[in-house]
Amino acid sequence: MLLVLLAILAALVGIGVAEAALPQLGRLLRTTAALICAAGLVAVALDLVLALPAETLQLPFGPPGVGLTLALDGLSGFFLLVVFISSGAALFAARDEPLAGAPLIPVFVAGMVITLLAGDGFTLFLGFETMSAASWLLILSHGLPLAAAKAGRLYMTMAIAGALTLLGAMAVGFGVGGDFAAWRAAPPTGLRAAAFLFLVLAGAGSKAGLPPLHGWLPIAHPAAPAPVSAMMSGAMTKVALYVIVRLLFDLAGPNPPLWWGVPLLIMGSLGALLGAARANFETDIKAVLASSTIENIGVIAVALGLALTARAAHLPLLASLALGAALLHVLGHGINKTLMFLVAGAVDHQAGSRRLDRLGGLIHFMPVTAVCAIAGAASLAALPPMVGFASIWMVFQSLLTAPRLGSFVLQMLIPIVALLLAGGGALALSAMLRLIGVTFLGRPRAVRTAGAHETRLPISLLFVGLAAASAVFGLLPGLALRLASPALQILTGTDLSGRAGWFGVGTQATGGAYYGALPIAAILAAIVAAVWLLLRRHPALSRRARAWDCGYAAPPPFLPFGDTTTQYGAASLSEPLGRTLGVPLFDWQMATSIPEPGETRPARFGVVWYDPVLRFLHAPVLRARDWLADRAELIQRLTIRRTLAMMVAALVALLVIVAILEQS
Amino acid sequence: MNLGPMLSLAWFVALVPLLTACVLGFIRHPGTASLVNQAAAVLAFVLALLLPFSTDPGGLWLAPDDLGIHFAILTSFIGVSAALMSGPYIRIELETGRMTPTRARAYHALFQAFLGFLLLGLLADNAGLTWIAIEAATLSCVLVVGLAGTPRAVEASWRFFIVCGVGIALALFGTIVLYLAASAAVGTGFAAMSWRAITAAAPRCNGLVLNLAFVFLLLGYGTKAALAPLHAWMPGAHAEGPTPVSAVLSGSLLNVAICVILRTRHILASNPMAISPNDALIALGLASVLLGGISLWRRADAKRFFAFSTMEQSGLAVFGFGIGATGAALLHLTLHTLAKAALYQCLGHAAQRKGGQSFTEIKGLIASDRTLGLSLAASIIAVAALPPFGMIVSLFLILSFTAAHTPWLAVPLLIGIGAGAVALIHRLQTLCLGPPTPSKFPPVAALTLLPALVLLGLTILLGFAMPPPVAAWFARIATELTP
Amino acid sequence: MIQLAGLLAWLLHAGLVALAAPALTGFTRKLRANLQGRRGPPLLQTWRDLIRLWRKETVLADNASPVSEVAPLVIFAASATAALLVPSFALGLSTAATSDLLLITGLFALCRAATALAAMDAGTWFGGIGISRESLLSFFAEPALLLVFFTLALVAGSTNLDHIADVLRTGALGLRVSLGLGLAAAISVGLTTLGRLPIGNPSTHLELAMLHESMTLEFSGRSLALIEAGAQLRFFTWLALLATIFIPFGIAPAGDILDWPRGLLTFGAKMLLLTCALCFFEACVARMRIFRVPELLGIALMLALLAVLFLFVSQGYT
Amino acid sequence: MPAATGFGVFDYDMEHLLEGVALLFSFVLLYQRRLSAVINTYTAQALTVAASCFWQSHVQHSGDLFATGVVTLLAKGIGFPWALNRIAKQTHAAGSVEMSFGVYPSLALGVFLACLALLVVMRIPAGAALTRETLAMSLSVLLLGLAMMVTRGSALTQTIGFLSVENGLALAAVGMPGMPIVVELSVAFLVMIAFIVFGIFFFRIRAQFDSLELHHLDRITESPE
């Protein structure tokens, strides 16, 4: 199986190089790349279902003294699944997009696959850097030069900082060289283990978008072309989470200290709240989706934190439930976020803009895309029949059963984490409703939006396919958890086979809470069908008229779409939230400009808010860098005589030091 | 003085460029001069390639060790690429009138002189001869830098000369004291001057004298290697003057100086009485990385910017030697020399096309000159140690070694490297992307960029798919260096 | 045998819900009118309204999309499913295994989502008022509700409604402090989600006061009938939820057919008791300003958190 | 091998005297205010070094040292001072030397550096006594030459400082028993080349900044690139 994946890897890089050489074959090459991803998906799914044993492979070439080893087991298999789904869909959607950096997309996928298949520290680092560099170049090759440059620079700064921190973590934890098998034998202990934990969380956490290092994500992900944003949010953040799971769960040994899960719990719950709140205030579709990624990553982090704590307390049942929740959410979010970003790309392409207050009423012009978007948003907002609800349900169940873990601090922390997570969930639902409502429903807010028409058939089929996949996993969560069972077996010893059947998933084999996904969906469908039949049996009259609007007069004839400005826009929908939640978190202020009497310009209603992370974390770092650069500049500006004086001083100092050393 | 001992292979490697330099002094026509220049460089490289295979390549005062041979091959290879670049480069300089035919002639002569003295410095076994070779190489480089004649070039060459003059004086004094220490153990005369003899007799020498020698040799050759407090001359020297010599070749001057420092370190390390030399190397290396990485943020001139990047990366290599990651540091030095040579070639062509070397003048290269822009971007990515180029391997090894053994040292190192890499990324975006600035010459022909692309290809090959004999060669040098 | 009994009980429960939900809303209106000295509409008025609306002609806004036609169906289905899941007079219904508190919250969220989408479809500004206020209140309400479930899960061991009712019914737990705090929090959250008086005014069409009605302003005929029925079902479900958990006495145990009549009687008494309490409360309370509601819900949140913490302290949870 | 070491042996005393005189001249260099005086002091120091070469050749009975002595005498004793004077006249260098560091502080610095040199070298066990003292003296001359370069403001004085450093090196090289001729020759040879380069520089700096004062160069260094 590893050889198949190696062939896929080579093919991807080959396609990248081929496309760079022959740009005119772009469309064909990207289709083949998509097919290769699909083949990879099938291969990995087979591997997971048949639960084939783990394999390792030492590549013949590779850097001197370190060597490149690849390893495939259940855990990397599951994440490969998500990466292949997201990349395959993105590549298929990118077929006819005029992308300057197109040859880099297969390289980006290859980078992610290398990271997942890494069998030793260097390959992991190499994959991590390849995927960062490829996506950075893709950001630069797209969009307005100024915005792309700023986003690209911020993105690459965080990527390099993250990669170097991860390198430091692996070196501090496991020393130099040696593959994962050797590392597993000698996990870090004591102070090194604590340093290892925080460095891994800082390095891979910043890449995944865990607070406090998540400030860059809502700026960088939207700047990339739509298919690449889909892969960055859908797949790359999951690869970063894979690195956290692999290093903290698998390689850090079977019994980590009990408090290891706490940072993940805190960062995850904060991420859920901040990400969801921010999604309500963003005005660009892709920024809303990027912020919602932070929320979902937060939820996954909470689940991972719980699993880690349960593993430390040797409760395999709870650990496997929490980890199952995390993996199901990874799969669900991977599919739905890819779908939503591709929809955002289609909307941007058809309606000419990504800004929410220039869209509206797109459901009339792009019905299929709208329906798929509603399905995707429903899952991201964790509404019952969808996969999002199944994983959130499992996360809350593991949260509710967690207080048995004992330590008093944990008992205090778990309710607060649950509180923040529930708040985040509510905000996510509001954000998704706002996104769908303002983009697809109501009346077009700009004439250009009325010019939109449905995407071409293959893309629509892609959307329907993704929405269907999300629905299938929603109705049959057991299927996804079966795919995850090899990973659960490796990390927690038991999988959810007893508890996750075909119809739904429960917390214990018998008794305990049980979420029957299929029966509930059946009841819903039955009721809807019954009422629908009732409606058809004796059809009543139905006609179209002007919207009642509580008796307001008809809009003047020169407004083709009626008075669109009275509709609730993006800013006004989140105005009550802004007043209460936005002020403390984001320094939210209303910036209204009322024209003076006699002025002809229209009144403007705007909102101004700032990301706390960028103000209180990034800005001080930049100030420190400038201060240091100014100090260093003094040395550059030294005149010749002062330079010589410095050299003589160095000589004298060295002589004195040597003299002192020789005395002792 | 019969010439028998002078006929050895090592002498040929050094003498070919030197003799060509004299010949080039008389060739009027710039076209033939650059052809002769290229031929001589290729010949020197081929001869250098034969060095590892010949049994006793030595000769009078020349008995190169593996380290010397390794860097001789590397320097002569860089010399070939610089020579291939100087052909078209000088032609354009002549067209713009920035260089008169007489100066072009002087340029080619000094090019070969510089290359010859560098090779002599590497292959010399006699400490005095090494000193003379490096001093002569510095002088020829100073003259080349001074050729430009602009006020900034004069200031740079004056600073270059004074700082290097003082450095070389300290180095001479160090050599004299080394001779004093060795003569006590080995006896006076030439025996006490040969690196091999001194290294062999190191344990028997007087520790205190060796310490004194080490201080002066470290500071003297440290100035040549542009380590932190002694680096004042290097940015100006790299930035002014014609690129093929002042930037591409002068990178190798740093390598030669580092070789000598490594030999001194070997001598000191094998003498129990002397202080351990590694702490000094670690301190200077770390200072170079931090100062280099941070002052990258205040540069307005492209060539000076990359000069600081050279200082940072060679500082990291010296740091690597200091903490004991010898193999990785050697690989890092080699890969960085290749990558930086490629980068400077592209930058040289870009600066010529845009008629200036500040960041405001060179913008949007990919838009105006696609092949040049892409190759400059690739070389900046190579220098920033990002995949797919090989420097990521050596960077990973050195940083992991540091983090594993002395974590508290790894923190400032990671910050310095991170700051440097981000500055490179930032400059890549301004140089290669965005709207282009007007360029005075037609786009570069792909052929002229061939040397740069070959260099980049070599970094990938050496990084990821190093052939076994080369790997064995690196391992042998590494074991030879660690006492 | 239990499956058969369970199915029978479930069908009986379904019939009960279908009949009682509109009647309950009618009774509430009647009682509130009497409390204000008015005669109020007859008890069956809600049935007549539903039938009248069912036969009326549906008028859709000119730019309304299929969402306006599907949303009422989804609202009604979700509310009905939630109603069917909550055990009323007997335990061990056939849906007992999957009647989970989190699932019921999810179904309510689905209703809210469908209503919001339907509201925005017409493109008028009334829908926007409701949605923006709803998103504000839901941020404060859902965490409180979850903490109440947290308390119940810790007391009963799982969030399965059937199991909780069974434990509370038989367990000699007496009046526990945390359950009392949980009840207070649950009531305030219930009032918010249903839009009852102190938070919103269900009977008026004044823009400032409307919470749910503004979202369904554009609907008429059958759609409005379905939405009204959904609202009544949700009202019934909430009261049934409070009755089953916080007044657990008298529910017939699973499979014990003979006990059903007693279960039915006690359930009817409980529902009437709760409705009267609600009406008395609403009679003497005025509507709060929308930005004061977060404070009320903040208090509910604190009560729920205290409930959980008291649970740890009192039981000395290991 | 040199005669028995230790005080009271005439050969050793004479060598020690010459090196002492050279060190004295280094101090005098730091003291001078006028440019011509600086050049004359340098010439005196060069002559002392030449004398030391001759004396060492007599003591060590080696013809090479005698040749070095002749070369030093011709190049540094006569050639350089002549060229320096000519350049000083041609570039109309100002009479007085720009004293950016003041006389007494530079002398104090000189004393400190001399003490440091002695401290560092004297701890070497008394092997070849002659070489230890020579090493100390030449290191002092070297450090004082560096001090001269650092403290004086004109390109010309900086060159003389550099040449004084070369004198220190020559003293050290000559003092080492049996050090092969190649080093001394090369020292002289390279100083020659360095001097020619200086010459070129002077004219070029003169052409660019019409003065040899370093503050013009400093202005460029301090101006942003």
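All chains are identified by letter, namely A, B, C and D, in their written order; residue positions are counted from 1 within each chain.
What we mean here is this: a contact is a pair of C-beta atoms (placed from the backbone, for glycine too) under 8 Å apart; a residue touches a chain by one contact, two chains touch by 3 or more.
Just so it is clear, the model here is predicted, and its values are computed rather than measured.
Among the remaining chains, those touching chain B and also chain C are A. For the pairs A-C and A-D, the count of C-beta pairs in contact is higher at A-C. With centres defined as mean CA coordinates, chain C is found 35 Å away from chain A.
Separation between the centroids of chain A and chain D, computed from CA atoms only, is 69 Å. The geometric centre of chain B is 31 Å away from that of chain D, both derived from CA atoms.
Work out the mean CA point of chain C and of chain D, and you get 100 Å between them. In chain A, 638, 640, 644, 651, 655, 658, 662 are the positions where the chain touches two or more neighbouring chains simultaneously. The set of chain B residues that touch two or more partner chains comprises 158-159, 162, 166, 170, 208, 212. The multi-chain contact residues of chain C, meaning those touching 2 or more other chains, do not exist; every residue touches at most one other chain.
Those residues of chain D that touch chain A in the shared complex are 100, 113, 116, 119-120, 123, 143, 146-147, 149-151, 153, 158, 214-215, 217-218, 221-222. Residue ranges of chain A in contact with chain B, taken from their complex: 61-66, 68, 111, 121-122, 125-126, 129-130, 133, 136, 140, 145, 149, 152-153, 156-157, 160-161, 164-165, 167-168, 170-172, 175-177, 195, 625-626, 628-630, 632-633, 635-636, 638, 640, 643-644, 646-647, 650-651, 654-655, 658, 661-662.
The residues of chain A lying in touch with chain D in their complex are 637-641, 644-645, 648, 651-652, 655-656, 658-659, 662. Contact residues of chain C toward chain A in the complex are 54-67, 73-74, 76-78, 80-81, 84, 95, 97-98, 100, 102-103, 106-107, 109-110, 112-113, 116-117, 119-129, 131-136, 138-143, 145-147, 149-150, 153-154, 157-160, 163, 205, 207, 217-218, 220-222, 226, 290-291, 294, 301, 305, 308-309, 312, 317-318.
Interface residues of chain B, counted against chain A in their complex, comprise 158-159, 162-163, 166-167, 170, 208, 211-212, 214-216, 218-219, 223, 229-230, 232, 235, 275, 280, 291, 294-295, 297-298, 327-328, 331, 381, 386-388, 390, 392-393, 396-397, 399-404, 407, 410, 414, 417-419, 421-422, 425-426, 429-430, 433-435, 463-466, 471, 474-475.
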